[in-house]
Every structure is written in structure tokens, then in C-alpha cells.
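As written, the chain order gives the labels A, B, C and D, with residue 1 at the start of each chain.
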Amino acid sequence: MQPVATTFFFYFLSGLTLASGVLVITRKNPVHSALALIFGLLAQAGLYLMLYAPFVAGVQIILYAGGIMVLFLFVIMLVNLERSQKEEQFNKQWLVGIVAAAALGVLFVLVYMKGADLFPVRMTLPTESNNTQEIGVMLYGQYMFAFEIASLLLLVAIIGAVVMAKKRI
Amino acid sequence: MGDQITKDPSTYLSHLELGEPDKTFLDSNELIINMGPQHPATHGVLRVILKLDGEKVLGTECVIGYLHRGVEKIAENRTYTMFNPYVDRMDYVAAVSNGLGYCEAVEKLLNIEAPPRAQYIRVILTELNRLASHQLWLGTHALDIGAMTPLFYTFRDREEILKIFEKYCGARLTTHSFRIGGCQYETYEGFERDVEKFLDFAPPKIDEYEELLTTNRIWLERTKGVGTISAADCKALGVTGPVLRASGVKWDLRKAQPYAAYSKFDFEIPTGQHGDTYDRYLVRMQEMRQSLRIIRQAVESIPEGPIMAKVPKVMKPPVGEIYHSIEAPKGELGYFIVSDGSTQPYRVRVRPPSFVNLQALDIMVRGQLVADVIAVIGTLDIVLGEVDR
Amino acid sequence: MVAKFKARHGSGVREASTYLGQNFMIVEPSITNDVLQILRDEEQFDYCVDITAVHYPSREKHFELIWILYSFPRNQRIRVKTMIADGERFPSSVSIWPTANWLEREVYDMFGIQFDGHPDLKRILLPDGWKGHPLRKDYGIIQQDQEWVQINLGIESGQ
Amino acid sequence: MLDYVTSYLSSNTTPGQAGNVLWVLIYILVVFGAVSVAVMAMNWLERKALAHFQIRLGPMRVGPHGLLQPIADAIKLLTKEDIVPAEADKFVFWIAPLIILCASFTVYIVVPFGPTHAITDLNIGILFMLGVSSLSVLGVVMAGWASNSHYPLIGALRSSAQMVSYEVAMGMTVVSAVLMTSLNKTGTGTLSMIGIVQAQQSQQIWFLFKFFPLGLIAFAIFAIAMVAETNRAPFDLPEAESELTAGFHTEYSGLRWSLFMLGEYAAMIAVSSIAVTLWLGGWLRPFPNTLTGGAWDLVFSLVPGLLFIALAVIAFVGVVRMPKHPYFRIQTIGLAGFGAVLGLIGLILFAPPVRDRIQDIFWFTAKVAGFMYLYIWYRATFPRYRFDQLMKVGWKVLLPIAIGVLILTAVLGVLL
């Protein structure tokens, strides 16, 4: 199945992600920044689709946009905003920020210059049809152990949440 | 929660004495919510101030008086017969029983007795009115809990009763069909046939309501265990009527102190065990059936004869006072009349069941959730015209 | 039953008779509360049907307070009456029957009789700022609390 | 250019897969148009059916038997003034209904009306559907927050909590249905919607009846969760009038409010189409395998035509019973015209070429229509759940059973 106008879509989606990333940090109103973040995540899901990883894109939409961001919005609404706005924003550390940004910039430039030999030559192009099955097999085959550990971690987190709120119920 | 009343009533009564909301890690701020006079579910102009801890109700305070018309003050400036229509305006849903109570109280004062035929007509009309009042209660109560359909069923059937009233005395709601000493009008010639037709029409309809609600999973979930009140609390708070019977007290004025012609009919008094909203629902449904039974017996054995006792044109009851009460659909409706020998009563005191039952709202709702407050107001079956007088 | 009360309180119980088959007792205001307490505890009058008052401006003691009681076990009613002067305070019977809470509030609202020990004695039917007690004989039928009406409703007079 | 257009007709895959942008656009237009019309029809049906449940007539005045009522409502909503609350957050207030609308409409690109009649066939069809339908929670939360008043906020929080918790139960049942697809010869299941229906076809059994009780239980849980997901019927607590909170869309009016309604109905149709695809064998006609053979095929293919003819007959009966009063003359003519149109469609459906093409689409829509009727039936009979009961049912009842069903399906899948 020959893809359609991939270059245009690629630039369009990555541009969207970048734009929403910038929006997230510049917006004063926390809800607006949360929305920008959701928009960015959806654009990212589009990018995954272009990499023929529909399963990951689907999970991205469900988990990130549908689940976690809803909780973000919940928290933003329940915490009454006036109080948080009054607290003094600690943005004195301009200097530290610039240094960190510069270091990151240098790293990107180096990677770009090294270019090809960092990445394996052939472009991995798993066929579109069995992508989900492949992930399933790998998840429960090779990486079974890691998968269990992760689920354990999540369980602990859930129990923590319940205990914290337990007094409330 | 239930028995703290009888144990040590004074602690209960420190006003809005509230359990300390559990200050926890996520400190919840109590909320004072005002379920205002124009709330769709408060059956008229009742304002309830709720003190909430999150969703749980800590305490309530009822603010009433929005519909106060000063009926008792008017009574002191009207003659006995002129005051009769005012009585219907109090509990406008069950106007006939108001009229019955008042007329019988004054007849007691005048020491006259309504003729048997009048008493039978009075019983038939009062029971029909009780049925109509319960149907209206069921419709609005189900609507408050979310079931829309019963409302239309009950109002369709209530229409039949109102047609009979309209044919008999020209009015549907505030009938003013009784006079001191008997009934105003002789029954129109098709009266018995209409009532019998209604008696065959009604029972399957009541089964329809039962079909819709009694075994409805969500209805059970919304009513079982909601707004429970124990028999001891009912007695202490003076709660009467279906609410008292649902808590297990087998007491009905029509049997305890029979008036009109009730002693001549046999019918059971339905009672519940737990005194929760579901029991009150069952008690009232059963009462509807008992009313039909009474009407059937009354229509079959209605005697011939005059419908009006010999009553002086200008009534001057002897000096003295009496208290007479009847079993209105909502509870014990009492009239305390003091006469000073003139044509106008010196003092008329009405003991409204809704006013006293409403007092139990606070204890029934404490610890429940906000959604249940509406269900409990519905199950108390209060009419604000009677509460505010 | 009345004999027992007479023995215990002597002069307190002024009169006990029946009129049209309804027996009632007239009792001294000072001992009314104990009489009510005894009625409830020993005589099983566990249901206070109604508390009301009647205003007799002609008599020296203006107000007549009336308790209508009913006993479930004995299926019997009794009325306890007592006479109190205008402006005299009276111990509240809320501690005996909790139902007295609103009933006494209404008597206060309509007659202006103060009840001591009542948890929350304020007007129940009339607006809080209302002046005057309507069910008193001297309170005219067409009379309105002009001042309250002007402030709150902004209309000239009640009529 | 022309061959570009005709090239798709020959291939037997969905336009999306065939990468034929033009046909994808056409399909999108057709499907979204059909859904909007369906929403209008659903609006009319809901009011009339609810009315007849409650022994009243429902809208009769606008057009014959209220047929023009949805149009009248639409015009009213369009012309109504669009109030924005004072300090409401303009941007969020404006975008909330759009998000709900987009979320509930993008689900349709994967809904399979027929083996080739779907806008596209993503191989993660179901996952995509669930993902996008969970986006509408965002719209609800934003709507509640943006209207900047106390009650809509509570309503929004409540309904989003409800939607999030029922999504979990829904997800579990969907997984158990997908598990069933993996039992055919190929041994690997599929997430794509068309694949699921084809699996049901090849296994010659609707998943509703597979491993007898399990399929049914999973379907029942999905049906309940589906109703809760769209805030309908017994779970419509957020908009409960008798409650304090009046739902997240109280501050909206006019066009914006109608977008919410459109979104709600579209979501209802979308969610029930998922249920139909997963358990009731999408576009397969009933008893595809037991009653096989030409004769039965013919009979089943006549059903659509018969249905429309029956509707036409009902319309004409209505015309005959219409009172003769001149005021009703226009309405009788209108009804007669409507009946004629229905009869015409019925006749066209009998023509053989149309008949077998329309077959799949008809059966799919018939099943979804059945679900719509179920929604209305719920609304007429059930009282409303209290919020804590609602959450209790969601978490303590539906979820455990859903997980149990999932495990049992897996075990049975391995054994059989």
C-alpha cells in the first residue's frame, strides 16, 4: 500500500507537536496548557501511524489523551486556581534554564552531524497488517518479565492511592 | 440514628447539632446548599437548607411559611358555614377529607348527627379522594426518583375520580361538597353506576403501577433503606399516617376512633416493618386497594333517606370547645374549635399532618445523600398548603 | 386517674371534667410540666397530638395553653390546659415530646408566648422580621406589618 | 482521472485501504450525512415512542404526526440566542462542544456497514474506536469547567467520572470479544472491525452465542456500560433535573447546545454499532449458516423492501384515519406524500441489483435501530441511579464480571 504524501504529513504533524509543546509552557491559564498538551499528544499519535505502528497510536490516544489528560484536568479543576496563582512563581533560575537548554542544543547538533552511522542502515518497515500481533507476541514472549514488573509497580501505585484516600471513604 | 430520640431527646434537639465532619487528609469543606422555594422537587414552596459534607447530609433546616394565608385568623371572622370552603384550600390534594373533618367537628359542637345516607356518601367521597391523593403522590414521587412513566399512568386514572367529583358537585379539586349536618347535594342518578364502573376500572391499573415499580431493580435500590425512621421516633415526633404505619405501628384513626360510617366497613390496615421509603411505598399502594374495598362495601349498602340533618339557619353552638380528628391521606388531621356561643368560632386550630410529619425530615435524612433528600421529601407526601395554612 | 393527680398535686389540679365526651384537665402553670411528664411516663400518653393557645383578653390571665395528648396503648385522648398571663414565660415541653419543637414555635409566632428551654425559638410561618402576633384578638384581620411590607416588598401597604 | 475513480470500484477493499482519497471523501460525506439524518429521525422517534409509552401522543402539531418536529427544533436551536456566561473561558467554552462532536463522529470512519462499505479498515479498528470515544470525556470536562458556575462543574466532574469508570468495564468486554476472533483456523485474532465480522462469519456463529453464557454476559455488560458511557437513561444522573446539579451543558444555549445533543445521539449510534459489530455479527443477515441456500437468501433479501412497504401502508392508514377537518388537509397530503416516498423506496429495494448490494447495509442498520429502541425503552421505564450506586455498579459489579468473562473466554478458547 503506497503511502500518500508522507512528507507533507510528516512536517505537518511534527510542526503541530512542536507548536503545541510551545503553547503548553507559554499559556498562563493551566487549562489552556492542558488542552495544548492533549493536542500535542494526538499529533504524536498521528506520527506513530506514519511509522506503521497503529497499535501504539491507538494506545496513545486511549491512555494519554483519554485517560491521563482527563485526570490532569480533574486535578486542575479541583485545586482552586486562585490560591495556586498567588503563590510566587520561582522563575528566578533563568540562568540554570539557559545552560540546560544550551547543553541539549549541543547534543542535538552532534547527533545530527554524526547522522547515518548512529542508526541501523535499513529502515525497519514491519508490514502494516500484523503489527498488533507482533507487539502481542513480543510483549508476552521476550519481554514477559519486564511486563510483569511494570504491572507490579502499577499495582503498588494503586494501593498507595487507595490508602491515601481511605480515610476519606 | 433511630433511637436517640427516646433515649435522651434534649441532646437531639440542640439545633442543627451536627456530627463533626471527619476532617481527613483531604479536608472536605462543608457546603451549605439552599434547596430553594422554587425547587422542582419540593412539592410547593418549601425551602430546605442542607448542610453537606461532600455528598453526605449533615443536617437540614426547613424554612416554611411562604404559603401562609392565615386561615386560622380568617376563621375567627367568618361564620361556621362561611369558613367551610377555606378548609378545602389547605390540603388542596385531599380537599374532601379536610371538609369532612371540619363538618364533623362542628356537628359534634352542635351535638347533631349526620343522617346515615349522608355518612355513607361522605365515606365514599373521602375514600375516592384518598385514592386520588395517593395516586398524585405516587406520580410525583416516582418522577422525583427519575421514573417518568408512572406519572402519566397515575394522572390518567386520577382523572376518572375527578370526573366523578365533577359530576357530583361541580368541582374537581376543592370540592366543598359537605355541609355541616350532612351533604349538600343528593347523588346524581348515575352515581352508583359510575362508582361501580370505577371500581372495576381501578384494580388492574394499580397492578400496572406495581408492575412498573415494585420489582424494578433501580427503584428498589433507590428506596430500600432510604430515610428510615423507627416507630419510637415516629411516636415521639408525632408523625402519623402512612409514614407511622410503615414503621410498624398498626394505628389508623378510622379503626382506632371510627367516625362517619367507617365502623360499618371492614378493611385491614397495612403496615411495614423497616419504616423506609420502600415500605411507605408498599403501605400506600396497599391503602389504595383497601380504599377500593371500602368504597365497594359502601356503594353496595348505601341506605336511603335524607341527606341533611335538621340544622338551624343561624348556627350558634353552645359555649365550649372540642377536638375532632380524622385519618386524612397524609395522617391525623385534627380540628380544635372553641366556640363562645356567637355565630363565629372564637378559635379554630387545625392540626395538619404534613406540618408535623415534615419535622421528621431532619432525622430521616441525616447521614443520607443529597439525592435521597428529594426521595424522602417525596415519601413524606407533604402538601405545603397544609404545612403553612 | 384524675384522683391520683389530685392526691399528688392537691390544689394544682383545678378542675377535671369532660365536655361532649372529651375529658380535659385544668392545671396550675407551675406544675404543668411535671403533670405532662407523668402523663407521658406513667399514663402512657406517648403521642402529643397538638399544642396550641387561645387568647382571652377579657380574663385576667390572657392566654390559655392547651396540650392535646393521645395514648396509643389506651386509645384515649386528654387535654391539659393552663392559664398564663401576657408576656409570662413558660417552660418548654420539647424535652418531653420532641414534636413540641415546631408546635411551640408556631404558638410563639402566632401568640408571642415565650418558651424557656426551647432549642430554637424563632418565627416559623411569618418572616423573621415581622412585628406583631396575628392570632391575638387585638391584631386586626386587615392589619399588616406596614414597615416590613415596605422594606421587603417595596409596596405601600399590604392591601 | 476517470480511471482513478473507476479503479476503486473494481477492488474489493474499503476506500481507505485502497488509498483512493476521492472515494474516501464520498464515503465520509455519505456516512456523516446518514448519521445526521439518523440523529434527526432518532430525535423524532424518541419523543414519539416515549410519549406512547406514557399514554400520550407526543408532537402532533408540526407536520403530520410531528414528522417535521425535528426540523422545527433545529430551526429553533439555530435561531436561538447563543449566550456565553460572563467570565466564562471563551476559548474552552467554544471548543468543548466541538471536541465532543469530533470525538463521536470520528468513530464512524471504522464502522463496517458491509465487507467493503466502511470508510477505512484500520487494523486496530476497535482500539481506535474506544480511544476516540474516550476523548469525548475531555469535552464534557471542559464544558463543565468553562461555564464557570458551581453546578455545571459538579455535573461535569460527575459525568466524566462515570464515563471513565464505565470505559474500563467496556474495554474488558471488548477484549473478551476480540479473544473470540482468534479461534478460527488462522489462530491469530484481529482488531479490525471487518476482520471481526468475517471471523464471526467463518466461525458460523455470532459471538453473542459463542461459548454460550460468556458471549451473552459480555454483551450484556457492554450494553449496560454503553448506556452509561453516553449518559443515557438510568445513568443520566448528571442531567438529573430533580438533583441540584443540572448537567454540564446548562450554560449552553442555541446552536452550541444542539451540538451537544447531536454529539450525544451520534455517540449513542456509534457505541451501539460497536456492540452490533462485535456481538451481533455486523452486516451478516440472521441465521447466515443454518438457513443457507438460494431460497433463504432470496427471502432475506426481500425483507428490506417489505419493511419499507409496510411503513408506507402504516402511513396510508394514518392518512385514512386523519380527521376530515380542512385544517388537517395539508397534513393528510403531507402524510400521503411521505407514504408514497416510502412505498417507492420499498419498490426500488425489490429490484435485484439494488437488493443484494443493500443487503449488508440494511441488516447492520436494522440491528443498530434495535439498540436505539432499547435506549428509549430504558428511558421510559427505569428510574435514575444515585451517583454512588452508579459508581458501585460500575466498579463493583460490571468490572469483576467482565474480567471473569475475559478469563473464562481465554480458558475456553485454549481448551476448545
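As a working rule, contacts are C-beta pairs under 8 Å (C-beta built on N, C-alpha and C of every residue); 3 or more make two chains touch, one makes a residue touch a chain.
Predicted, not measured: the structure shown is a model, and the values here were computed from it.
Chains that touch both chain C and chain D: B.
The leading chain pair by number of C-beta pairs in contact is B-C.
Taking the mean of the C-alpha atoms as each chain's centre, chain B and chain D sit 46 Å apart. Taking each chain's centre as the average of its CA atoms, chain A and chain D sit 32 Å apart.
The distance from the centre of chain B to the centre of chain C, with each centre set as the mean of the Cα atoms, comes to 24 Å. Rounded to whole angstrom, the centroid-to-centroid distance between chain A and chain B, based on C-alpha atoms, equals 63 Å. For chain A, no residue reaches two or more other chains under the stated contact definition.
Across the complex, chain D meets chain A through its residues 17, 19, 21, 89, 91-92, 95, 122-124, 127-128, 130-132, 134-135, 137-138, 141-142, 144-145, 153, 157, 160, 164, 167, 188, 191. Contact residues of chain B toward chain C in the complex are 5, 9-10, 12-15, 64-65, 68, 70, 72-74, 76-77, 108-109, 111, 235-239, 249, 251, 256-257, 320-323, 325, 332, 334, 336, 338, 346-347, 349, 351, 355-356, 359, 388-389. For chain A in complex with chain D, the residues that touch the partner chain are 1-2, 4, 29, 31-32, 35, 38, 54-55, 57-59, 61-62, 65-67, 69-70, 73-74, 77-78, 128-133.
Of all the residues in chain D, the ones that touch chain B in their complex are 50, 53-56, 234, 237, 240-244, 379-389.
Across the complex, chain D is touched by residues 33, 35, 40-41, 55, 142-149, 151-153, 156, 212, 216, 218-219, 221-222, 369-372, 374 of chain B.
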